[in-house]
Amino acid sequence: MGTESDIKLINEDGTRIDGRTAEELRPIKIETNVLNRADGSALIEWGGNKILAAVYGPREAYPKHTQDINRAIVKCKYNMAAFSVDERKRPGPDRRSIEISKVVSEALTAAIMVEKFPRAQVDVFIEVLQADAGTRIAGLTAASVAVAAAGIPMRDFVVGCTAGKVEGKIVLDLCKEEDNFGEADLPVAVMSNSGKVVLMQMDGSLSLDEFNQATEMIVRATKVINQIQRDALSAKYAASMEGGE
Amino acid sequence: MRLPWKEGSKVPRDELGVLSEIKKGYILRQLKEGKRNDGRELNAIREATVQTGFVTRAPGSAMVQLGKTRVLAGVKIELGTPFADTPNQGVLTTNVELLPMAFPTFESGPPNENSIEYARVVDRGIRESKMIDLKKLVVTPGEKVWIVFIDIDVLDYDGNLIDACNLAAVSALKTAVIPGAAQGLEDIPLPVTCTPIAVTFVKIDEFLVPDPDLEEEQASDGRITVTTTEDGNLRAMQKGAGGAFTFDEIREAISMSFNLGKELREKYFR
Amino acid sequence: MRLPWKEGSKVPRDELGVLSEIKKGYILRQLKEGKRNDGRELNAIREATVQTGFVTRAPGSAMVQLGKTRVLAGVKIELGTPFADTPNQGVLTTNVELLPMAFPTFESGPPNENSIEYARVVDRGIRESKMIDLKKLVVTPGEKVWIVFIDIDVLDYDGNLIDACNLAAVSALKTAVIPGAAQGLEDIPLPVTCTPIAVTFVKIDEFLVPDPDLEEEQASDGRITVTTTEDGNLRAMQKGAGGAFTFDEIREAISMSFNLGKELREKYFR
Amino acid sequence: MGTESDIKLINEDGTRIDGRTAEELRPIKIETNVLNRADGSALIEWGGNKILAAVYGPREAYPKHTQDINRAIVKCKYNMAAFSVDERKRPGPDRRSIEISKVVSEALTAAIMVEKFPRAQVDVFIEVLQADAGTRIAGLTAASVAVAAAGIPMRDFVVGCTAGKVEGKIVLDLCKEEDNFGEADLPVAVMSNSGKVVLMQMDGSLSLDEFNQATEMIVRATKVINQIQRDALSAKYAASMEGGE
Amino acid sequence: MGTESDIKLINEDGTRIDGRTAEELRPIKIETNVLNRADGSALIEWGGNKILAAVYGPREAYPKHTQDINRAIVKCKYNMAAFSVDERKRPGPDRRSIEISKVVSEALTAAIMVEKFPRAQVDVFIEVLQADAGTRIAGLTAASVAVAAAGIPMRDFVVGCTAGKVEGKIVLDLCKEEDNFGEADLPVAVMSNSGKVVLMQMDGSLSLDEFNQATEMIVRATKVINQIQRDALSAKYAASMEGGE
Amino acid sequence: MRLPWKEGSKVPRDELGVLSEIKKGYILRQLKEGKRNDGRELNAIREATVQTGFVTRAPGSAMVQLGKTRVLAGVKIELGTPFADTPNQGVLTTNVELLPMAFPTFESGPPNENSIEYARVVDRGIRESKMIDLKKLVVTPGEKVWIVFIDIDVLDYDGNLIDACNLAAVSALKTAVIPGAAQGLEDIPLPVTCTPIAVTFVKIDEFLVPDPDLEEEQASDGRITVTTTEDGNLRAMQKGAGGAFTFDEIREAISMSFNLGKELREKYFR
């Protein structure tokens, strides 16, 4: 947050650098079961993000000492493809990816009926193919669809959105420039029915009022995004990935 | 086979141990009677001690004891090259080491997901509050800047490492001196602008309590950290460790965090 | 104990699984009747789709589906330093990631011997055919050259990764643009001179068949890859995966590889 | 292959930079059981190459999950000593070594009667002490002798040789300069009796005719080299390694 | 040893750079059980050194294949905090730390009654919080107290001291400048009752006479230091760590 | 189950194997009769052979056989940058590789605590004796110096690696040539000032014996290495491998080490 810049992020008419209004989402499209081998998968395109999520399991947790006799463990690996960002990323997990993998695993654990699968593990892989701000939330939103597509029982969909502060204004779904040069970033994911928060991180500077304003926007947005998740799942014969363009 | 050392004491991996159902029940009954596991009031944090200057030869340091949790933060300040995209700023890095001496199942080795998460939450609080004025750390723009290394050794673990690490890091930074003299410059205090305080809560049944001890962490379902500054702003938040929170609970945590932050600032940073 | 999830689904390590004898028998009977495991003709390769420009913001990219195998190649082109012994050439690197999403037993982690072998075979085909004119990638001799990074994500695995990776890499390179504008230079297409095509065969009993699917790979005893260019030259070969070939078999593979290479070039690189 | 150079690799009289004719091998010497501890070992000197191969096994495969219930697994580690090449090599495997270890393991697996040793492993270690082009083939040729010296039953010796194209001409057994500046490199290893190919790699540029010409040379050469392997094994009291100078 | 310098290490009156006489120790203070979680712990301050030692065990050795059916294994990890030295140390073990961990483990193994705890392991962690020459000896001296505080039976205390040669003179307990610019360094640890040597390393240059002179000083010093160890253990209610300042 | 290969031959990890009590008894009885395990005299070291120039293309090398232990040291000398705190000195590094071919339980991988200890003890003997005059390795002060890499491959292990590695390293260095010609300078012999010799002893019961073979190492309780130079000075010492020594024993080891060092110098470095 907060690298300074001469870029003007909010236009005089109040629109944003990419022409959106404060509470306007970027285009979102989700396709399910785009992969053959995984038990469930989903490709999400969200603004310029292109992210694949794939699920294997439940299967016996391995190594054995990681097994929980009461529930399945959910292991998520978030990874950015080397070519997904402007400057080539060296393969392998960095500290940011490790943290994201952790909070995303925890968010999915809250939604999956892990108590039905003692000693098992559910593996969730999120691969960012093209990054454009908000990848953790987009990846988690896709992962939730992939879990459902794998037939793994969930209490609720997990669905998220980011809000932030840009030139003093609270806006929804930050784009890349807003993410780089804005004043606050607040990614949140909730369970679609209960509305409870399963992922939240925040950095920058927000007053309590601004926080409330941002979370209200997020709550409204998650309802829209959840519908896209549900539509993607009910589309019986999902188009192949090429159709996703 | 009868072993001369107690069985069940084998070294487990990858886990902090599991709390008995009996102990969980006790903690919950206590909460319902308005008391915490260790007897304190519901919304109270544990007694803390802060000893700055413990590592006398480091530019800044602070030993913090929070209940039975103990961490030592040391600050090193060295000349180096700025990042290409921020040529007019110094550099800040934060690292947490979960020393194996701190807990029976902590292992030697590179940072794991826990220590990385803790370090990044502490780092965000310090970085996003602009506590350190990184622009004042430039010696030659684009070429030579001061790099501030915050390294935190976790020595004794009894819950709530994030808050203990944050308190130690902030205390160490506030007493740190840039060792300019060794470079033909001047020794000057590290330019510090504010005091970010992290307060962490866990949810146990319907209770949201700050500064959990280890047993409370084990009994809990969900963790949330809120870092605030004295100007009344949120600077970093992190929901962690499974579970789910309502927005009302989060607002409650924020509100308590502002209050406890104020209390801690008055107590330790007058 | 009865488990709610199917037994036998545990995560194996270090192996791609073993094919049943029954399935092996089926594959062989099919071959004897002039048919492949999936019904195609003996010497046919599977249907492929190539979608270039999938990663719109990368200088070059291609999503390739070969039967049910799917890989995504992305090309990044950055300024860097040439190798000391080739000061007047750009640099080319090829990396293959066997993503754990692609197959139940693929694991996260650094490249293993399989992904390294695949990447090196693909790299040799591109490098030895001089497909990219590395001399045209020099900005300042000995100091600044363009580095071409080819990174290939394996997304879905159903056999014959080498050919899929080669096809994706070549497609991505042929559409790639050197991002000179960002450096005050010009954006120009990557200088490409030819189209190396890798064709891989496996031996099942006495049959030598191209483009095996996963079950055919598992049933096979020996693999051979032949990379050719349109000028009628061999550019890279690799015998892999156990087994032994007669020189006649190798010559048969070479001959088929020239034909199939021509077919693929006509289909995808007009 | 194909780094350009001003070096003249073929003389006007058709001889090569080191004076050999097109189909002339460099001097080759093999000594067996040069090590005390290994179950079998061999030192090969081939041109300027000095390479040790040592074998342990068959022994129980470890870790257990790597065991194959039908056969022994053959694990080869090819390694270059830090001082074996012109510029000091950092210890530890690089990508090239890992690939060579893999194809050499596969070549030996084809020759060893692995079906006689279910659940076992055979470890083969190849240490390049001095490198001079053709180390993988020389190492594999020595390894085959070491396996035999360890008393492990083989169908056949594995024996190899390299051919290549240098200034348009097909030549046998590339030396270092030819390897660096030549136009094609074709290392091949066969089983000595059946003549079947168990290792083949190629890079550079070869027409099919050139390929045929090169492989014919290789086949003839492997017969010579196989005799050196057999002689080394039958020499009852191998000289000590110092005698190898 | 022996980096040259213009610094004068021995004053004209024979005193050392920090004012001590040749056989004078720096101030030493030990506190026990400064940590809650460890089975035993000790904080030693020795000159400018501040070093924590903590002990866990005996507990079942893990992984199982490391178990010794006749005795406990003692695993020591010596580590320097990133902030403990002048220039920030990158976290993680370097070759020096690995060697020290090994010799300290071996020294403690000699003193602990390992034969009483088959299949067990005792873990000893030494964390250097501030380094000022002689950290391995100070750490080992503290570790021995921590082992005793954990109630693990020992034959003897392990107690050590360093001597060295500085500007031709044998002196006790080198300080940082003497360590950097002196001519020899001899860290020694003995068992307090038997006087037998369980750790000894030496580098620099010493004649046999000088060695004898140095070891005599060390033996005398270890008696003093052992008394500090014993006093620390018998102090029933150890002050908290802050009191240690 | 009956296996076609001998049971008990499985690959152990982390251990050099355990000697039988019977063998230990034999070794001790031999010692009491004034004989070593392999029949030599009590204070004798094993026959050694030193073959310098084994790696003909390296600037220096030596193959050493000490009994049945065999190591090969190679020296590489390259131009590089001096350390910041010693701008007027060349650089020396020593590395030991315990090759898996040398012993059934040695594993591939990065140096472990044993190879690191051996390398550091050998390094200290060479460094502290100032055997190599590092000041003569400066080409441009503060900028360009010769870096001397000593790499030692352990090929065959039958005890006492430290002495074998030291002998090989010293032999390789004494014959090494600085390859200046390739840099437009002159080829000159590496400037060597003395001959440090390491002698290692183990304690078996009350016996202190030099140059142990593997079985003696396994039967022993404590190891001590003493490195001396011809000027009568101790240059490095290392007590290792458990056990405890009296100061009298150490003095005995020192005294023997001076004698054996002299013997070895006369034999190999005339």
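When the chains are written out, they are named A, B, C, D, E and F in that same order, and each has its own residue count from 1.
Note that contacts are C-beta pairs under 8 Å (C-beta built on N, C-alpha and C of every residue); 3 or more make two chains touch, one makes a residue touch a chain.
Worth saying up front: this structure is predicted, and the values here are computed from it rather than measured.
Shared contacts of chain A and chain C, meaning chains that touch the two of them, come down to nothing at all.
The set of chains touching chain B and also touching chain F is given as E.
Averaging C-alpha coordinates per chain and comparing to chain A, the farthest chain turns out to be F. On a Cα centroid basis, the chain most remote from chain D in this structure is B. With centres set at the average Cα position, the gap from chain B to chain E is 31 Å.
Chain E and chain F have Cα centroids lying 27 Å from one another. Here the CA centre of chain D is 51 Å from the CA centre of chain E.
Contact of a single residue of chain C with at least two other chains is seen at positions 13, 111.
Shared interface positions of chain D, defined as residues touching 2 or more other chains, are absent. Viewed as a network of touching protein chains, the structure reduces to one closed ring of chains, two contacts apiece. One closed ring of touching chains is present, and its order from chain E going to chain F first is E, F, D, C, A, B. Of all the residues in chain B, the ones that touch chain A in their complex are 12-14, 85-86, 111, 113, 116-117, 119-120, 124, 127-130, 224, 232-247, 250-251, 254-255, 258. Of all the residues in chain A, the ones that touch chain B in their complex are 1-3, 65-66, 95-96, 98-99, 101-103, 106, 109-110, 186, 191, 194-208, 211-212, 215, 219.
Put simply, chain F touches chain D in their complex at residues 3-5, 7, 9-11, 13, 49, 51, 54-58, 61, 63, 65, 68, 70, 72, 74-76, 78, 95, 97, 99-104, 108, 110-111, 149, 151, 153, 155-158. Listing the residues of chain A that touch chain C in their complex gives 35-38, 41, 48, 50, 52, 54, 56-60, 62, 77, 79, 81-84, 86-88, 91-93, 116-121, 123, 125, 127, 129-130, 132, 240-242, 245.
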